[in-house]
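Next up: some structures, all given as structure tokens.
Note that chain A is present in both complexes that follow, paired respectively with chain B and with chain C.
This part shows the complex of A and B:
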């Protein structure tokens, strides 16, 4: 095993641990809606929410980085350059995440000046981490880019997948630089903030996971590189062709000119296209292999990725993306429903699939299957879909009562939040969240043990 | 046969991907330049910071079919007329307070943030503040907001209580100014019908 692949294992293991932290913070955030006095005076909703969404970003990033470190040496047949620096930075990054978490939990708020921004909390959604930690993330990503580009140069070889990956790393790093400024003007602040959040999540991350899924498909199903690379380019064309101006659906209401209603609505309406393409691709590949594979959990998680991405990001996104609907749905639990489904389908399932592919190699299992992963798969997906459905009901109630009927005042907000449809949705969300959390525990156990236990088929033969 | 092989050729799709991305990026850059002019302070959609010295309203503009902010006669904030430099410094402080207390992880601004507390886009215009003048013993809306922000636990609103974020008077004042300025931003009609329809109707 290459050193880069050993590092990949560390990144993937850390990703799963941080995934667990995200689940805990998510359960807490859900519980505040049921019991608003929970931990009052000690730890408030905004801190648990911050921990929930920041760990979401971090565990997925760890998953992506781990996947690339795993496949990179296989792509080039050599040890990636600069891997020692990457190893050191892995520990530095983990320590930094731990420190930021402690600061968020125990210090929570800093002074309202530049010192507070650098050392405690920047208070910008998704990029709350203080600037010193954001600098650390930039350094890690620069070294990551050096590992990828330097290895291609040393190997004197560039494949289609690595070419796309290298081009994708540039905006990935450059856009993150928007994690630093604190523009006084909220319209300007949110304008650039959306370049970071949208262009990461709905553009560069989609391309990044596309590269990882291309490797995974070749690895899992033996799909030819020619087909995978042609497909990757089609995906890039569709994702960026619709997603770059699809950015406009975030510019409806932040003070930007009215033409964004047309531009954003039009292009984002097409954003489900590449995701539909992935579903067709997945069905085609699964069909040509008659649903047979040597790694059943990876295979099913990849299918979940394709369907989840299309339904969660595509269909759920389309449902609220036209400005006529978005005027009432924007900033309600409807958005939360879409957010959960989209992140799960677009990224989380893909990272879990890669974890199983990697474990099959690490544990030398010719055939990876079992009962445990099925329980995890079922509980996580049922829990997630249940949460999404519950949030949607709450979101509908909020959009109608608070927004359309009440005109969005404080009184209307309270009327919406206290409506029984909304409250029932919140209880159901928490209940499904518990099922999701149970699924996480089973998943973590399975990842630790699968391949070390006898597969069910082998047990049946042995009996 | 030649046509089939071209469709299967990754180079063909690579050229397509590069072309599409470049065209979209060029359009995005052009729209960005235009939008930044509109959202710069004093631009067509974002008022100068000194708007805090004036009365802000929100009403339907029939030609656009949406609600837009109106800027009226002089209405001083905290009985003080802010110069451009003072207003800018106050708004600057307001933004730093909003970030330092992670307001956006409970509330939304222009609908962006978290959904545990109400949206603050037009909070300055909320009819509820009139009632809060009596509750807080304040004579003006700005003073009522300031007193609430400095001790929200004392003035508990409903089931969910806003925690005490230990704001100084200077910090609370800066937030109030920020919310007044933000209410004057043209948000293409978001939120719709703000404060114009009673929830009880």
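This part shows the complex of A and C:
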């Protein structure tokens, strides 16, 4: 095994641990809505929510980086360039995450000046990490880019997948520079902040996961490189074509020019079209293989990715993306519902799928299957669908009562929060969150033990 | 009857969902070579068209947005067969008998 692949294992293991931290912070955040006195005076809701969101970003990023470190040496047949620096930075990054978490939990607030920004919190959602840690993330991403680009140069070879990946890494890193707040005008600040959030989630990450899934498809189904790369180009073009200017669908209530709302609504309305193409592709692949594969959990998680992406990003997104609806739904639990479903479908399922593919190689299993992963698959997906359904109901109540009827006044906000539909949704979300958490525990157990519990031949016989 | 915010949103979500059902049933029907499944897929698409008609006639969306919904629905009609043909052309060894 290459050193890069050993590093990949560490990244993927850390991703699953941080996934667990995300689940715990998510459960706590959900409970605050039911019992606002929870941990009163000890840990505020916003810290819990910050931890939930930031760990989401970090675990997925770890998953992506781990997947690339796994497939990169297989792509070029050599050890990636600069792997020593990457190994050191992995530990530095993990230590930084631990320190930032402790600061968030125990310090929580800093002064509203440069000291607070550098040492406590930069104060912007999704990228709250203090400035020193944000600088560290930039360094890690630069070294990651050096590993990829340097390896391609040393191997004197560039494949379609790596070419797309290299082109994607540039905006991925440049856009992260938006995490450093520079504007003092809040509208201007939010305008650029959305460039980071939207372009990461609905553009650069989409391309990144596209590259990873291309490798995974070759690995799992033996699909030829020519086919995978052709589809990668098409899907990337379609996703970017609809995704980039879809940026405007975030520009509500922050003082941006009105034309952005029309531009955003127009382009994001077409985002589900390529996602339907991906669903058709998944059906074709599953059907022509008769649902048979040597790695059943990876295969099912990959299918869940295609369907989850379509429903979470496509259906949920289309429901609320036109300006006349978005005006009211924006920033409510309705958006939260869409965010949960879309992140799950577009990214989380893909990372879990890659974890199983990697484990099959690491544990030398000719055939990977079992019962445990099915329980995890069922509990996580049922929990997730239940949560987004509950959040949708709460979001409907909020959008209707607080926004459409009440006109977004403080009184209307309180009325929305006290409405029984909203509250029932919050209870249901917490209950399904518990199911999701149980699914996570089973998943973690399965990842630790699958391929070790039964000898390979016994599993094959059982099948 | 005039529809409002939530009804409009549910109709829009319904369109995308039915498009997914159409794509799913179309794909499964092609794989299984079962006309009935494909017909069920087209029935989903027909229902989708009904929802589009309801959106155009009853929701408070502005005219250009209603036009986009119509274009969007037409786009959905073509995606499954076009994608399928492209898949068969690029995977000749996997084509089912």
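We take it that the second predicted complex is superposed on the first by the 452 of 463 C-alpha atoms of A that agree within 3 Å, B and C clash if a C-alpha of one lies under 4 Å from a C-alpha of the other, contacts with A are read in each partner's own complex, and residues count from 1 in each chain.
What we mean here is this: a residue touches a chain if its C-beta (ideal position, glycine included) is under 8 Å from a C-beta of that chain, and two chains touch if they have at least 3 such contacts.
Note that this is a predicted model, so its numbers are computed, not measured.
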Joint occupancy of chain A by chain B and chain C, clash or fit: fit
Touched partner set for A:404, first chain B, second chain C, both or neither: both
First, second, both or neither for A:95, with chain B first and chain C second: neither
Touched partner set for A:107, first chain B, second chain C, both or neither: neither
Partner chain(s) touched by A:291 [first = chain B, second = chain C, both, neither]: neither
First (chain B), second (chain C), both or neither touched by A:153: neither
Chain A residues touched by each partner, larger count belonging to chain B or chain C: B
Which of chain B and chain C A:328 touches, first, second, both or neither: both
Chain B, chain C and vertex chain A (Cα centres) - angle in steps of 10°: 90
Touching partner for A:230 - first (chain B), second (chain C), both, neither: both
Minimum Cα separation, chain C to chain B, after superposition on A (Å): 6
Common interface residues of chain A - those touching chain B in one complex and chain C in the other: 226-227, 230, 328, 404
Touching residues on chain A, where the partner in the complex is chain B: 32-33, 36-37, 40-41, 44-47, 49-50, 108-113, 116-117, 120-125, 128, 160, 182-191, 193, 226-227, 229-230, 232-234, 236-237, 240-241, 244-245, 247-248, 250-261, 263, 327-328, 330-333, 335-336, 401, 403-415, 417-418
Chain C contact footprint on chain A (complex, rising order): 226-227, 230-231, 265-266, 269-270, 272-273, 276-277, 279-281, 283-284, 287-288, 307, 310-311, 314-320, 322-325, 328-329, 396, 399-400, 404
Touch list for chain C against partner chain A, complex: 4-6, 8-10, 12-13, 15-17, 19-20, 23-24, 26-28, 31-32, 60-62, 65, 68-69, 72, 75-76, 79-80, 83-84, 87, 90-91, 94, 96
Chain B residues within the chain A interface of the complex: 8-10, 12-14, 16-17, 20-21, 24-25, 27-28, 31, 34-36, 38-41, 44-46, 64, 88, 91-93, 95-106, 108-116, 118-119, 121-123, 126-128, 157-161, 163, 165-166, 171, 174, 182, 185-199
